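Naming follows writing order (A, B and C), and every chain is counted from residue 1.
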Amino acid sequence: MSKLIYLDNAATTAVHPEVVAEMLPYFTEFYGNPSSIYSFAGKSRQAVDASRKIIAGALGCSEKEIYFTAGGSESDNWAIKSIAESYRSKGNHIITSKIEHHAVLHTCEYLAKNGYEVTYLDVDGDGRVRPEDVEASIRPETILITIMFANNEIGTIEPIREIGRIAKEHNVLFHTDAVQAVGQVPIDVKEYNIDMLSASSHKLKGPKGIGFLYVRNGIKLTSFIHGGGQERKKRAGTENVPGIAGFGKAMEIALETMEVRAEYETELRDHLIERVLAEIPHTKLNGHRTDRLPNNANFSFEFVEGESVLIMLDMQGICGSSGSACTSGSLDPSHVLLAIGLPHEKAHGSLRLTLSDETTREDIDTTVDALKVLIERLRNMSPLYEDFIKNNSK
Amino acid sequence: MSKLIYLDNAATTAVHPEVVAEMLPYFTEFYGNPSSIYSFAGKSRQAVDASRKIIAGALGCSEKEIYFTAGGSESDNWAIKSIAESYRSKGNHIITSKIEHHAVLHTCEYLAKNGYEVTYLDVDGDGRVRPEDVEASIRPETILITIMFANNEIGTIEPIREIGRIAKEHNVLFHTDAVQAVGQVPIDVKEYNIDMLSASSHKLKGPKGIGFLYVRNGIKLTSFIHGGGQERKKRAGTENVPGIAGFGKAMEIALETMEVRAEYETELRDHLIERVLAEIPHTKLNGHRTDRLPNNANFSFEFVEGESVLIMLDMQGICGSSGSACTSGSLDPSHVLLAIGLPHEKAHGSLRLTLSDETTREDIDTTVDALKVLIERLRNMSPLYEDFIKNNSK
Amino acid sequence: MYCCSFSDKVMDHFMSPRNVGVISDADAEGSSGDPECGDALTIYIKVEDYVITDISFLVFGCVAAIASSSMTTELAKGRNLEEALQITNQDIADALDGLPESKMHCSVLGADALENAIKNYYTKNQKK
C-alpha cells in the first residue's frame, strides 16, 4: 500500500516525537511515585507540576484550578456529575445541546434518570447553539449549562463567549467540553467566563489516556475517584507521570505552533472544501462555513452510504470517519447531523476529514481525486441515485 | 550520591524496558483510535485485544470479563459503586475490613453517607481478616464483601479462598482489591470465587495510569464513565492503547518470571527481616511472618519517628516508605498499623521496604547497615528512649 | 512531607543537630508534644545570673521537629531568660530559612518546650 493519508485527526492524533521524548525518562529512569517523600520522587513531582503550569498558562487560569484525569470522557462525567451532586440543593435543571459528545449526553441521560431535568437545545442549520435559547431556558432551578466549545463531527465553533456571559449574568455555572478546541483555537477561561472545561491530550498530539478538568476556584467539587490524596484530594490514583509530562509538552507545542498551524490548516481545509463542492455534485458541507475548527471538513454525499465510502477510501490508504469514532460501528445516523436538520438518508452518507499540520496539499488532492471516482461508482450502483436521475430527466 | 537503592516497589515500580519497547510503536506509528473502522486502526485494536487476552489468561477468566480502567483506584471505585447501585433493591449492606486501601475505604465512606451500611471488620495482630467474622457479619441485606487480596503496607495475604467460599455460599458478591497481589502471587478468579477484582499496571513494571477491573460474567455492571461505546459500553473514553499494550506485556513478563522472582525476593526479604530483627533491638516485624507478599518487609522501630528515618535513608540514596505513599505527608499514623494493634507512637515509627527482582543482597546489606546507625542516632536523641533506659536501669 | 520542601538549613540541623543530649545537672527542664501524635521534645537548661549558659534537648519527631529543636537551642544559648522567653516559633522557622506550611506547627514544639523549661526554672527558684 502507498503512503498512509491520515485524515482523522479529530478521532486521535499521532503523538509528537518531542512529546514521546519528554515522556520516556519517566518510565524507566525517574519512575518514582510523586507522592513519595524521598528526593528521587521529586523528579516525578516536578514533571507533574511543570505540566500543570504549562496548561494553566495556556488557559489563563491558576495551577490549582487544573485537575488531571484519564481523558475527555472522565472530565465530562466528573464535571457534570459533580455539579449535579454539589448543587442539588440549589436546583436540578441542566441545559445542554443536542450535538454534544456522548460523554456529555449520556451523563445527562443518566442524571435524567436520577431526578434531574435536562433541556437539550436545538442548534441552527450550521450546528450553532443560539445564545438566546440558552438564556430563555434558564430557570430558577438551573444549576449548570454545558455546551461544547467546538463540535467533534462538523467542527462548528459555538458562541462560547456569549453563553459564558449569559451564564454569569444569571449566576448559573458553565461547563464546556473543549476536547476538540484545546490546542486548536485560543481559549481564555476567565475572558470567556468558563467555570469548568474538559480536555483530552490525544487530540493535540499528546498521549492517549490523559486529560484534565479545569475547575474555577470557588466551585464546589466532589471527588470522582475516592482514595489517596492526589490532585488536591479530588481525584485519587497514582499520577500517570509520563502521560502528564507528555500532555504538558503537547500543550506547549500546540500553543507555540497554533497560529501558523491554524493558518496552514485553514487554507488546506478550504482547498479541500472548494474542490469537493466544485467537483462532486449533490454534496453539502456540514457545519458552519467559517466558524469551524481549522482542520475540520464534513460532507454529505447524497445517494451513498458513509461506511462504504470509508472502506473504499481505506482501500486506498486514506483514513477518514463518518460520525464520531466512538459511534462508528453503530448503524444509527449521527445525532449531530440529524440535529442540523439532515434527513436520515443524507446523514448516512456523511464523511468527516480532519487534517493536521503534517497533511500536504498532495494528500488533499489525492483524496479528492479518489473521492470523485468512488462516489461516482457508489452512486452508479445506488437505487436512490437511479430514482433521482429518473425523476430529473422527466 | 552513590547508586540509588529503590526499596519502594509497593508504591510503584520502574517500567520494564521490554514493556516500554512494546508501548512505543503505539505512540507514533500505530496511533489510530481503536474504534475507527479503517485497517490502520486495526493495529491499535489488536494491541488492546492481545493485552486483554494475556490478562484474562493470567486470571483464568474470559476476555469479556476484563475492563480496562485508568488504575487501581478507579477499579475499586467502580466495582463498589456499581454493585451498590445495581443491587440497591436487594440490600444496602457492604462488608469490608479496617485495613483496606483508601480507594476502598473512602468509597465505602462515601456510600455510608448515601444510605448504605458498612461493616469494617477488625483484623488479627498479623493483619488477617478472620473468615468467621466475614460470615458472622453477613445479613440478608448484604450485597457486597470487599476484602483486599494482600495489604499494601504490611504485605499480609488475606484468606481470599475462604472468603470467596463464604461469599458464594451466602450468595453475596465478592470483590477483591488485588492491586498489590496481581503479578506477585498466582490468582485464579474462578478457583477463588472472586466476582470482581481490581488491578493496577504500575505495581508490576507496567506504566502508570492504566488498570483493569475483572467482572464475572452475569454481574450487573453500571457504567462508571458514560460516553462512547468503549469497553463494551461500560467505560467510555478513547482507549489508552500504549498503556494497555504495556500492561499486557508487563503481565506476560510477571507471569513468566513469577516463580523464580518470588523465590528470589522471598529469600532476600527474609535475609532483610532476619538481619534487622537480630541487629536492631526494640524492633517488630509488622504483618504475617510467612503469609505475606514475597517482596514486603514492614518494621516498627520503637522510640523513633518514621519520617526522620525515611529522610535519613534518603540522604544515603535509599528509598523506603512509611505507611502508604498516598497518605505520607499526613500526620495521622497508618490506619493499617493501628488496626493490627500498634499503639500510636509505635505506628509512627514504621518503615516499609519493598523489593524487586533487581534488588541485590548488597543493596539489602547496605540498607541494614545504614539503618543500624541511623536508628541508633535517632534513639540517642529520643526522650522516649531515654525514659525507657532510665526505667529499665532502675 | 517531601524532602525537597526543606531548606538547606533545616536539612543541616536535621542531619547534624546541635546540643543533643541530656544535661544531667540541669537547672531546669521543660517538655512539649505528645508521642501519641508523633512528637515529643524535652529541653534542658543551665542558668547563671538569669542567663542560659548551657542548653540541650532530646526529641522524638519528624524532620522539622528535629531541626527546630536544634535551632531553638542555638537561639536560646547565651541569652538571658527574659530574652529567651521572647523566642517565638516564627523566629525558629525564620532562623531555619523557613518551614513548609504544613510543618509550621513543628516549630511550636521548640518554643513551647523552651518556655516550659524557663518557667520551671522560675518556679523552682522562687520556692527556694
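Please note the rule applied: a residue touches a chain if its C-beta (ideal position, glycine included) is under 8 Å from a C-beta of that chain, and two chains touch if they have at least 3 such contacts.
To keep track of the chains, here are their UniProt names: A, B = Cysteine desulfurase IscS; C = Nitrogen fixation protein NifU.
Bear in mind the structure is a predicted one, so any value in this text is a computation, not a measurement.
Taken as a contact graph, with one node per protein chain and an edge wherever two chains touch, the assembly is complete, since every chain touches every other chain. Two chain pairs, B-C and A-C, are weighed by contacting C-beta pairs, with B-C ahead.
Subunit A and subunit B have centres, each the mean of its CA atoms, that are 35 Å apart.
Mean C-alpha positions place subunit B and subunit C at a centre distance of 40 Å. Note on chain placement: the centre of subunit A and the centre of subunit C lie 58 Å apart, centres being C-alpha means.
For subunit A, residues that reach two or more other chains under the stated contact definition are 37-39, 41. Counting partners per residue, subunit C has 1-3 as the residues that reach two or more other chains. Within the complex, the subunit C residues that touch subunit A are 1-4.
Interface residues of subunit C facing subunit B in the complex, by the touch rule stated above, are 1-3, 11, 14-15, 17, 20-22, 31, 35-42, 57-63, 65-66, 102.
Interface residues of subunit B facing subunit A in the complex, by the touch rule stated above, are 4, 6, 8, 11-15, 17, 19-20, 24, 27-28, 31-33, 35-41, 69-74, 76-77, 101-104, 106-107, 109-110, 200, 202, 207-210, 225-230, 236-243, 307, 310-311, 313-314, 319-321, 324-330. Listed in rising order, the residues of subunit A touching subunit C in the complex are 37-39, 41-42, 45. Those residues of subunit B whose C-beta lies close enough to touch subunit C in the complex are 303-305, 307-308, 311-312, 314-315, 328-329, 331, 333, 343-345, 348, 380-384, 386.
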